[in-house]
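Read the structure below first, then the notes.
Labels run A, B and C following the written order; every chain starts at residue 1.
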Amino acid sequence: MSTASTATGELADVLSRYEVVLGLEVHVELGTRTKMFCSCPTVFGAEPNTQICPVCLGLPGALPVVNAVGVESAIRIGLALDCSIAEWCRFARKNYFYPDMPKNFQTSQYDEPICFDGALDVDVDGKTVRIGIERAHMEEDTGKSTHVGGATGRIHGATHSLVDFNRAGIPLVEIVTKPIVGTGADAPAVARAYVAAIRDIVRALGVSDARMDQGSVRADVNVSLMPIGASEFGTRTETKNVNSLRSVERTVRYEMVRQAQILDDGGVIVQETRHFNEATGETVGGRTKETATDYRYFPEPDLVPVAPDPAWVAELRAALPELPAAKRTRLRAEWGLSELDMQAIDNAGAFELIEATVAAGAGPESARKWWLGELSRHANEAGVELSELSVTPAHVAELQSLVDGGRLNDKLARGVLAGVLAGEGTPTEVMTARGVEVVSDTGALTTAVDEAIAANPDVAEKVRSGKVAAAGVLVGAVMKTTRGQADAKTVRELILGRLGVQ
Amino acid sequence: MSERQRATHRTAAELGAAIATGETTSAEVTRAYLDRIGAVDGAVHAFLHVAGDAAVAQAEEVDRRIAAGEKLGPLAGVPVAVKDILTTKGMPTTAASKILSGWLPPYDATVVLRLRDAGLVVLGKTNMDEFAMGSSTEYSAYGPTRNPWDLGRIPGGSGGGSAAAVAAREAPLAIGTDTGGSIRQPGAVTGTVGAKPTYGGVSRYGLIAFSSSLDQAGPVTRTVLDAALLHEVIGGHDPCDSTSIDAPVPAVAEAARRGASGDLTGVKVGVVREFAAAEGAEPGVVAAFDAAVATLTKLGAEVVEVSCPHFEYALPAYYLIAPSECSSNLARFDGVRYGLRSGDDGTRALEEVMSLTREAGFGPEVKRRIMLGTYALSAGYYDAYYGQAQKVRTLVTRDFTAAFEQVDVLAAPTTPFVAFPFGSRTADPTAMYLADLYTIPSNLYGGPAISVPCGLSEGLPVGLQIMAPTMADDRMYRVAAALESTQEPRLADQTPEVTA
Amino acid sequence: MAAISREEVAHLARLARLAVTEDELDTFAGQLDQILHSVARVGEVAADDIPPTSHAVPLTNVMRPDEPRPGLSREAALAGAPAAEDHRFRVPRILSEEG
């Protein structure tokens, strides 16, 4: 793609003068049944203000009580990220006013996070980059505002806003990296790979559904540049709530180029919160605040400290499931693939999809073929991630079993897949509805074969005399009369049998 | 004396027994108190809301439960007044603030639920300083409560309404809350009994938070036994309050009965040297306190002097911790989900409407404390103010822990001065803060404390404060009951008749 | 401790969302200064090695099971709202993303 190569060129130019420093804060919405500090349910997409109580609505007098599974999930995330687990830590109040935050403080953790000092290795183009984990802490989500009266629900120009508190109080674990330095031109890909790795880990742990499209994993992306050789980091910008892997990558790339232009022109970077606009691929600055925000953190007096029993932590550690990195190594061997093959799979974001397709019954090779071939082509054309396609691993496995069973040939299968992508149903349903099944009725085929032989006596004679290769013409004729719905191999066998050259 | 007049002169324990035996009914007693409120509350203004028919209906329901043979507690059918800082489902709850004017909570505080479950009848909601910030009820947005002993004087605060209601026989029992003395100081200046249980001993769920780490609900009554009985109704573990202690309520009623025998042999009472040395206590208060200590000695107690060297820093630490927590606790009053909204003319942005709402909805003392707390928590000042105050809190706790290794309870005046005239301490906020000088330490270390009437100074009541170690609430009830047993008649029964 | 200025009071009022009047700025500046002067005495205590106390009772690990329980009905939740629309709490236009 020409835009990609232009961007790469720009990036190379930026990196000839600056080093990039990244910092990523990933918010993971836990999949607990109830909220972090009250017993309200957490079902996604419920009618507005139907999952609220005095506690999460911040009514006068209401008090929080910690969700035990929320704490357990946070510890398990920390263990999976090789963090130390605090022996004793407290919640803290982060004080600021915002209408979707019922108490006008967020119950979070400040200088005593439950998990700290970990690391996560991510692979980018065969290189392993170690990302330091500063901390992972527990907090609560806010409600959701809908802006009315402005252009397409934007905050700017709205006449008023409407608030739904269903999401207020849903447990979050915020995972914060140490500054990531030295990634150079790989910075966008490293950021993407890191967020993908976090997503895969929390999914593997079963602590979150990790649906970026629903906001259950979202990233704040901090980017700064410093002149090559400098020892002090430059001023950073924080792009908030980036909610797809592709957007994470684009955000880093865009900010690197944008900041470099400002610095080149002798300007200064303003420390600010920015937002990524999916449509334009640009980040947009918020209002610059005249005064720095002062959150006035202090220990939450309504919640008592959390002091995880070391024996319990050890149990949780022992019971961790196989993590994605280990699984990758194992499956690579099981699937018999090279490291290069695996990289292609990783780059396409197809690992879990292939794994699930294999689990659904397809062979590894055919699963890989579908996802990296036909489906990657569709995803590229649509500009979406593979996982965002409407086809599921189960669909792919079903499609492959139709091919293996001789009911579809490759060409027909591709057509059926297009139908599945178009939302026409499962592969079997599409096949039936379109009437494209391979003609396996030998009676009908024999008639077609006999007709083809009768129509091409010279060719038939050549075959009889031993020029077996000439049978292709007869196969083609049969395929034509059956509109491609015959299995070429079967047709060929029938022709050869009819002409007595088997 | 008519039957109805008689009802308002009996103790809660007596009323409970009379209702249980069928001598009278809850409805009859409730009507008697409603009549009394109708007669004198115009002068006293102890109530912000009187439940009226709803109270009678609840009383009749309790009578039905008793008639049906349901086993209820010793206070079943007895009316109770509830400080307007505890949420009552469907009954106005304002915390004496304009910002909650008209709010009807959709839920009951745990304390209120327990009252209802035990068959007590909620008479109404009592006046207080706005959000419990004050020592005189002069900071109520709805006008002050007057002291039944002298209508020109304050009834104490913040829970002046609960104390005055009990003193004026408008309720046999009341619930107060105590963050720095708001149960005990009103008790002292109105000649009633006020007890602050151990922090964590009574659920805070539904108690509109002023300072979460200090707030505690407790009983306000005319006798020590009534206080203990009410304490047992409202106390005990609540899973809705994370700071609630998961242990049985100390046997406080039993301790009160034991103390009533007047024998304190074997009890060691400590008098804190630094309390006595502190400036500002009125001579009449000191004299009444000395006399009370002499009485305790006469009853067999051994009195010794102990030292709490960090006492003088307790008050300043409190006036950093409480405002800091309050600045955060009161942030939720923003005109978005409930209560007042001011200045929303359709053109102003949310931030401005929030600020106008809070400006219009909060009174001067609340605003002062919110700003003080905002300052103490802000970057650059946290360590010097809030952080340092928390360290002082540790030192005060250590002092009292050490003192309780030497003695069973500590005795002190409840407050340095008797009820003062309206307006005499509002000009200088720090002069008002001195009212809590002796009560604050137990809020800081979390232990229980009780104020029991111990005499008069210039014709006005003086309270003796008995402090005990955490979860040893029974000790203070025993000592308080012993002192009370020497008074005939009880001070609470000497309250002058209120003339409307 | 430094005296607290009118500007500082205005800053605090903004942080605390209080639209204080000009008169109040003067009054509060004086009163806060007086109160701060009095409470600053906590600084006299040598407490460098003293751990702070945030909770009055030394409890830890108070947690509840992850079991849903019914909360408020939407009607009850919205009943107290100063303004509601479309089953949501209605608020005036919001200027910025975060305070």
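Operating definition for what follows: a residue touches a chain if its C-beta (ideal position, glycine included) is under 8 Å from a C-beta of that chain, and two chains touch if they have at least 3 such contacts.
Please read all numbers here as calculations on a predicted model, not as lab measurements.
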Chain separated most widely from subunit C, comparing mean CA positions: A
Central chain of the complex, centres being mean CA coordinates: C
Inter-centroid spacing, subunit B versus subunit A (mean Cα positions, whole Å): 56
Intercentroid distance (Cα basis), subunit C paired with subunit A, Å: 39
Interchain centroid distance [CA atoms averaged], subunit B/subunit C, Å: 24
Set of subunit B residues in contact with two or more other chains: 103, 106-107, 213, 239, 242-243, 327, 331, 334, 336-338, 350-351, 354, 374, 378
Per-residue overlap in subunit C, given as positions that touch at least 2 other chains: 15, 17, 54-55, 59, 62, 64, 72, 77, 89, 91-96, 99
Contacts with 2+ other chains: residues of subunit A: 54, 57, 65-66, 97, 99, 161, 163, 294, 296, 298, 301, 303-304
Subunit A to subunit C touching residues, read off their complex: 32-34, 38-41, 47-54, 56-57, 65-71, 88, 90, 96-99, 145-149, 155, 158-165, 240, 273, 275, 286-287, 289, 291, 293-294, 296, 298-299, 301, 303-309
Touch list for subunit A against partner subunit B, complex: 54, 57-66, 93, 95, 97, 99, 102-105, 161, 163, 294, 296-298, 301-304
Partner subunit B, residues of subunit C touching it in the complex: 1, 4, 8-9, 12-21, 24, 27-28, 31-32, 34-36, 38-45, 47, 50-57, 59, 62, 64, 72, 76-77, 79-83, 89, 91-96, 99
Subunit B residues touching subunit A - in the complex, by the definition given at the top: 86-87, 93, 95, 100, 103, 105-107, 109, 204-209, 211-213, 239-243, 324-325, 327-328, 331-334, 336-338, 350-351, 354, 374, 377-379, 382, 386
Subunit B residues touching subunit C - in the complex, by the definition given at the top: 103-104, 106-107, 198-200, 213-214, 239, 242-243, 245, 310, 312-313, 316-317, 319-320, 327, 331, 334-341, 343-344, 346, 348-356, 358-359, 362, 364, 367-368, 370-372, 374-375, 378, 384-385, 387-395, 397, 428-430, 443-446, 470
